[in-house]
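Here the chain labels run A, B, C, D, E, F, G and H in written order, and each chain numbers its own residues starting at 1.
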Amino acid sequence: MGMVDEIKISKAIVEKYSAKLMDVLESDVAIVGGGPSGLVSAYYLGDMGFKTVLFEKKLSLGGGIWGGGMMFNKVVVQEEATGILDDLGIGYENYDEKHYVVDAIELAGGLIYNASKKAKVFNLINVEDVMVKNGRVAGLVINYTPVEMSNLHIDPITVSTKAVIDATGHDASVCSILARKGGDLELKGEKYMDAPLGERGVVDNTSEVFPGLFVAGMTVAAVYGHPRMGPIFGGMLLSGKRVAELVGSKLK
Amino acid sequence: MGMVDEIKISKAIVEKYSAKLMDVLESDVAIVGGGPSGLVSAYYLGDMGFKTVLFEKKLSLGGGIWGGGMMFNKVVVQEEATGILDDLGIGYENYDEKHYVVDAIELAGGLIYNASKKAKVFNLINVEDVMVKNGRVAGLVINYTPVEMSNLHIDPITVSTKAVIDATGHDASVCSILARKGGDLELKGEKYMDAPLGERGVVDNTSEVFPGLFVAGMTVAAVYGHPRMGPIFGGMLLSGKRVAELVGSKLK
Amino acid sequence: MGMVDEIKISKAIVEKYSAKLMDVLESDVAIVGGGPSGLVSAYYLGDMGFKTVLFEKKLSLGGGIWGGGMMFNKVVVQEEATGILDDLGIGYENYDEKHYVVDAIELAGGLIYNASKKAKVFNLINVEDVMVKNGRVAGLVINYTPVEMSNLHIDPITVSTKAVIDATGHDASVCSILARKGGDLELKGEKYMDAPLGERGVVDNTSEVFPGLFVAGMTVAAVYGHPRMGPIFGGMLLSGKRVAELVGSKLK
Amino acid sequence: MGMVDEIKISKAIVEKYSAKLMDVLESDVAIVGGGPSGLVSAYYLGDMGFKTVLFEKKLSLGGGIWGGGMMFNKVVVQEEATGILDDLGIGYENYDEKHYVVDAIELAGGLIYNASKKAKVFNLINVEDVMVKNGRVAGLVINYTPVEMSNLHIDPITVSTKAVIDATGHDASVCSILARKGGDLELKGEKYMDAPLGERGVVDNTSEVFPGLFVAGMTVAAVYGHPRMGPIFGGMLLSGKRVAELVGSKLK
Amino acid sequence: MGMVDEIKISKAIVEKYSAKLMDVLESDVAIVGGGPSGLVSAYYLGDMGFKTVLFEKKLSLGGGIWGGGMMFNKVVVQEEATGILDDLGIGYENYDEKHYVVDAIELAGGLIYNASKKAKVFNLINVEDVMVKNGRVAGLVINYTPVEMSNLHIDPITVSTKAVIDATGHDASVCSILARKGGDLELKGEKYMDAPLGERGVVDNTSEVFPGLFVAGMTVAAVYGHPRMGPIFGGMLLSGKRVAELVGSKLK
Amino acid sequence: MGMVDEIKISKAIVEKYSAKLMDVLESDVAIVGGGPSGLVSAYYLGDMGFKTVLFEKKLSLGGGIWGGGMMFNKVVVQEEATGILDDLGIGYENYDEKHYVVDAIELAGGLIYNASKKAKVFNLINVEDVMVKNGRVAGLVINYTPVEMSNLHIDPITVSTKAVIDATGHDASVCSILARKGGDLELKGEKYMDAPLGERGVVDNTSEVFPGLFVAGMTVAAVYGHPRMGPIFGGMLLSGKRVAELVGSKLK
Amino acid sequence: MGMVDEIKISKAIVEKYSAKLMDVLESDVAIVGGGPSGLVSAYYLGDMGFKTVLFEKKLSLGGGIWGGGMMFNKVVVQEEATGILDDLGIGYENYDEKHYVVDAIELAGGLIYNASKKAKVFNLINVEDVMVKNGRVAGLVINYTPVEMSNLHIDPITVSTKAVIDATGHDASVCSILARKGGDLELKGEKYMDAPLGERGVVDNTSEVFPGLFVAGMTVAAVYGHPRMGPIFGGMLLSGKRVAELVGSKLK
Amino acid sequence: MGMVDEIKISKAIVEKYSAKLMDVLESDVAIVGGGPSGLVSAYYLGDMGFKTVLFEKKLSLGGGIWGGGMMFNKVVVQEEATGILDDLGIGYENYDEKHYVVDAIELAGGLIYNASKKAKVFNLINVEDVMVKNGRVAGLVINYTPVEMSNLHIDPITVSTKAVIDATGHDASVCSILARKGGDLELKGEKYMDAPLGERGVVDNTSEVFPGLFVAGMTVAAVYGHPRMGPIFGGMLLSGKRVAELVGSKLK
């Protein structure tokens, strides 16, 4: 092994991260949440050439994919979504004519890997608030997650962006902030389990819900009051792709 | 979206996971720990054709990669290890003649994605104990991690294997169990920071430390008493590859 | 002692449990809660020949029986319910003309033992949600309890069933989910202590409260607003038997 | 439903429990721990006509049986122990020539039910200390478990007995108290998984380890340093029966 | 020292406590809360010859007296209340013409000592609920406090009584139960600090607030919406004496 | 009610407490621990005319008396100690020729009331350390208990004294500090339950264990390695009286 | 080093603190909260000659200054506020024409140092309530913070004052108490991030919001519903100065 | 108020902090711990012209000064140390010929303010380990404190330095790391309270305890086994000045 130098390592890391952070303070699109729909949207938006940043609250990305159903780490995807799996090089196995089984670990790994190739991905960043200018979401107010976990009183900083995608899942956390602070947006809340209705609804209602704010994945269900669907991920993947197309056509 | 059926989804998941779990109850190699060295060894061992299983305690894989250095999510890799990055399609950027910078998210995603293609990867599995037969590590005693987190009194089950790789990092948890229960193995404990010495030591001492038990990555430092090295990952990757070669030649 | 084999033990357990779980994914009746009324209903429904599954959230069954009154582990049962005790082989002692004393441990043990002979009983399973199809409860959405205790983000799976019995006691947890998500069901909440009124009310109002959803035991009091009654168990046992008869006649 | 009276219920419970507690303050045998070996020993000792009391620390009995292996709620029993299952009316299913599968819930329920028929069983009682007179264990020092859970400073009371059985499992808690306070007793600690060796050792070394103190079940392994065995329960059941025979012949 | 016998000690304690508990299951008056007003009312009611029981939730009695003001363990009493101090043999020191200073420890000790001479005092008892018969509070539903602290699911028992005094202070916990479960009783909540108004209000409004339920001490302020007053105790003592007189004249 | 003034109340409390604290910064005797032996020693030493201060860590005094045995709030006292009860006006009831039963609440209240009449009693004060001068305990290092409970980094202050009595019970906390910091003092630790031996030992070995440091009550057992004795309090009371006599004759 | 005496040290501290506390029991102005606006107002009000007391809940002062933005310990100040920095001797660096950068540590240290020169500053004091007399805030009800952190039931004491400044930031805790207890005051709650609007609003609306109660700093935003502004502190400093001027002219 | 821009604010903070962090990655002296001795040494070393960095673990600086003695926020300083107070503009009041009283808040504020003028001060930084090269402490291994508080597995970075001062107080945390990992350094541990001996010892033994590692303040007592001294700060201040002189003369 050749020689390395601790201070060089430290400098390289501080310098490259600072540059990455300085760079995204002004972005085209900011995606909040690194689960399936957020990662897919990051991949396609980055691929279209937009300056795309994704903020994930936790240390690792992948959201609700890892645990499969009830810790049995397999998930199901419908035929309509296999094209996305093909784009990203993720394998799948036929269970019957309508249900394909995917390994949860491979799905998580593949989505993270591909998104990080196309977009600037930050983990450990909590979105505390939004910046609103002239009645339009104009940016995000961010902080390190461990700051929030430690209950320390420390101010956030601000990122400006042309479009925000709330892909935070069941919590719909960006939409919730907006609704709680008086924005004209109602969250109807996720309904009982009904997988076929839920899957269709999530894709059909992927949309802009407030000027500058788009929803994807389970956030759609939380805002529009669709049923939940459990460990089937076709709707998540397709919603992620659709929101990328919507935002892409807006920003052009 | 075509119709899906909740019960079919549940059946597909239970059936495929049970088959995956039944299958690995008798494996060629079991890797404990899904950080950089464990994932690399899983990739190369699976690629050699061995029936390889990897058990990770947490919900997500990737171990200590995600946070970069001090949450600045970049890491450094030396030139000697760039070949492994090339094998796995992970990008890197030159900082100076000896230090390459890699995005922590891309590194984590890329390692997980590739390992899951070649090996059976289980998350949420805690290794509680080892099975020893005739003075040789002959298997692992496993349980669901949330069982341990919930302090519930529930028995584990057992997996048999021809070789075990302890890639649990600083904790050296398989080695610790063995040492605590009287196995002839001493853990010298990781030393102060000295990156050049640490990097070299980890690769040089990747080895079989007890019949049937191999060490890789930071576990090597914990057992042999090497210095720690911080957010430089060349040693981790090379140690993962080397342990795969060692185990591979033993099992042939 | 004859020889045993750890891997055989593991295989036997994984195989038999997977089969048990696969089997109940489509059941006739699903009972939620393993306290006195749930266990009694499981016993009688299983005895009638229905494919009956009982899901208990905790590691052990028996619910509120174990502690007697104020940790004094004796409980009281009225004469009307002694027939059920006779059916199950549980002893009782006469205190005065209207009050019989039963050992709490024997009551718990006897109910669990008998229910497990007739129905498929699962512990450690949390019911997170219901599946509703065409305005009727059509199944349950389940997960491992330790997953919930560990606050891990992991999807559930789904069980389909022709009838659900909410026997979760004071919490009325299935009814609460339904009410919170907009089902036409109001929970009036348990009232002050009044044992004679409470006992009568619980038995008289054991019923179907929403298409496909029945209530038994203290859940009846929570839904209908009856008084609570303390460590007297006649009403619980009789309500469990009555709900079995109601469901039985519906499913025939 | 006939009328009941809250004060009568309260009086019946206080009176019957007080009498049960007063009665066992002087017992023939006190068993500590309500897992498989403790319950089996309580059944057989009570059946021999000894005044037998069992103290369990938790609210429910059954110890490590409930969770099966890794929450898959099935366990394995060898042929040698099926006679005990037959005595108690617990069903089993043949897996192969040496392994029988038992439903964990039925096993727990059946053992509790049968033990409570023959012995005085107390739950929620923590054994804090032992009473030693003339170099012999002469009693137990007990308190309510919630007192200990609440960290309240409250004195215990004392029970006298001719023999104590430590059936507390891995903790060997009575033996540990004795060893910590200077009694001539060494705990070697449970070893790695080796089911055949462990099963044999537990039965062979069921014995009196200090004047007046016997060990059964996993406590045997903890004291003698035997291997652990996982979710196979033949050894537990046979050890419970053997300790009953040993104590029975001593006390005659 | 003469010889003592552990089992005799245990028997004496179990026997005398059981008798004390059995005795109070039917009482004339039950006081909830062992702070200043509760203790004073217990003293005077017991002294009038009523069968009086006091239930305190905590291990020790004395309520908010111990800490004085801001841990400075002195409190102030007005001249009007010095007669009660004289009755109970508690010393006081003149500060100026209207303010007397009392040592908080002596006040707590003296009140507890005197109340225990006249009434049956129970500590560690939590009042979970009330018994209501014919629209009148007819008893209390009690449990051990550590049961509640340990979050164990264990039923309570019931005590019948002709009158209940809620002396639980700021929480007004008996009144709160009544109000939450639909009793015709509104809690206006304690107001800002205003010691002169608060002192007067507490004494003037000591009264029966629901058939069978009386309030004393800070509970009066919580129900009637009076100001708080801080570490001055004259109002507390006088309110305790007044409620005793009210209840006494009702029960005669 | 006459008028009172909030600021006068505050001033009276701050002024009187400050004077009390200033006064005890130089005391004749400091007793640590407000359980039975500490309170009795405070009563008799104060009665002899010594400037006596007692520091209790908790909010309330009384130590282990309150809970009786196993929350049954009665305790036992032998005939030899009834003289102390008579001195303090505490009632007792004859159980048999050697055992007298005392109500735990009355015992606690009576001891606290009487001690506070004779000595300066402080609650909420934690003794963090000792002051040693010329090889002799010369004072105590104290802080508010809530400071320690809150884990705040705040310095203590110091009290000087001619004699210290460690009456902290099982913890022997002053002795432990001394032993841990190198003082010539060994703690043998309390032994198993043996009430007759324990009672005698505690009284016989009440003594000065290090220059300036005396032990009383259960601290004697912890230092000398005597057996424990459970809810019998004769030895505690007699030890408290004896240590007062020992210290009294030293200081004269 | 000259000799010191522990008891002298203790006496000096108790005596000087008691005098400081006695002194402020009647103050001209009481400021609640030791963040930037509170400290600035304390400095200017003390400088005008008013008897000024500041109560901070935490152990250290400085509030939200320390952490800069996202732990990057720098903050920004506008040109309008540099005069205050000049008054207090705090350095700043020009970033561009409108933004000056200040080291967070120097800003915190400088504000604390200067405020403590002019006003009586207390840390570790929690304001629990207010004293209202004749519809006007007439004082504060205070306690030690660790008392609240430890959940101990201990009464507060009272401070009288001619004016109260709520400078508690986002919580607006004095205003919240007033609003919750029925005072005529509505809290509109802080809005989304909009730094220019937020900065202007905070300064413009610094005012008396209830007779005797003034607001400064982020409390202004919380009461008036202004946007938040993140790590820019000009508005905080100017609001602190303005509230001092307002209160000063009222009290003259 | 002039206009400000959120993104400019964010950029200014990220840029200035990154530059500050990059700058100190190679420092002359690194001080660990921001209590009195650390702050004084930072002031004097910075004043001598050395590139000095101070790392404090907590959000705020000041260490054990804030709370005075027992929350009475005054401290004592001897005459020998008043010169340092004069240098820093901190006031003091004469108590008697040897004891001066200082307001704890002013002392904390003044030390922080002055140190931040001369040295680069970082809060929220935890020193996890040391870098040792050729048997000499050559740097520190640092991470954000909230990372440690959140138990997240994230690598640290490294700072190189010519001298390290351990001013972490009682914990002596840098020395402890060195001792635990095999460095030739023994920690004798702080002794009982003896203020005169403690004060002298701390100043006299301020020294280099391992090549490259110096100790100051209470760390001296912890390493050399001196007595503790309580809320007197002369020794702390003088030790801080002395270590600055020692390091200064070494580095010249």
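Note that a residue touches a chain if its C-beta (ideal position, glycine included) is under 8 Å from a C-beta of that chain, and two chains touch if they have at least 3 such contacts.
As the structure is a prediction and not an experimental result, all values here were calculated from the model.
Undergrad: Quick check on the contact network: minimum steps from subunit A to subunit H?
TA: Steps on the shortest route: 1.
Undergrad: Hey, how far apart are subunit A and subunit F in touch steps, shortest way?
TA: 2
Undergrad: How far is the middle of subunit D from the middle of subunit H, if each middle is the mean of its Cα atoms, in Å?
TA: Roughly 56 Å separates the two chain centres.
Undergrad: Mind checking the centre-to-centre distance between subunit E and subunit H? Centres are C-alpha means, answer in whole Å.
TA: Distance between chain centres: 52 Å.
Undergrad: How many angstrom between the C-alpha centroids of subunit C and subunit B?
TA: 43
Undergrad: Taking each chain's centre as the mean position of its Cα atoms, how many Å separate subunit F from subunit H?
TA: 40
Undergrad: Among the residues of subunit C, which are close enough to touch at least two other chains?
TA: 6, 9-10, 13-14, 18, 59, 66-72, 75, 124, 131, 139, 144, 146-147, 152-154, 157-158, 193, 195, 230-231 - these are the residues of subunit C that touch more than one other chain.
Undergrad: Please list, in label order, each pair of chains that touches.
TA: Applying the touch criterion to every chain pair yields A-B, A-C, A-G, A-H, B-C, B-D, B-H, C-D, C-E, D-E, D-F, E-F, E-G, F-G, F-H, G-H.
Undergrad: Give the list of subunit D residues in touch with subunit C in this complex.
TA: Within the complex, subunit D touches subunit C at residues 1-6, 8-10, 12-14, 16-18, 20, 59-62, 66-76, 78-80, 91, 93, 95-96, 98-99, 101, 103-106, 108-117, 121-124, 144, 146, 193, 195-196, 199-200, 203, 229-232, 234-235, 238.
Undergrad: Which residues of subunit C touch subunit A in the complex?
TA: Of all residues in subunit C, those touching subunit A are 129-133, 139, 141-144, 147, 152-158, 177-178, 181-182.
Undergrad: Quick one: in the complex, what on subunit H touches subunit F?
TA: On the subunit H side, the touching residues are 63-64, 66-72, 75, 189, 191-195, 227-228, 230-231.
Undergrad: Can you name the residues of subunit D that touch subunit E in the complex?
TA: Per the stated touch rule, the residues are 6-7, 9-11, 13-15, 18, 21-22, 25-26, 59, 124, 131, 139, 144-147, 149-150, 152-154, 157-160.
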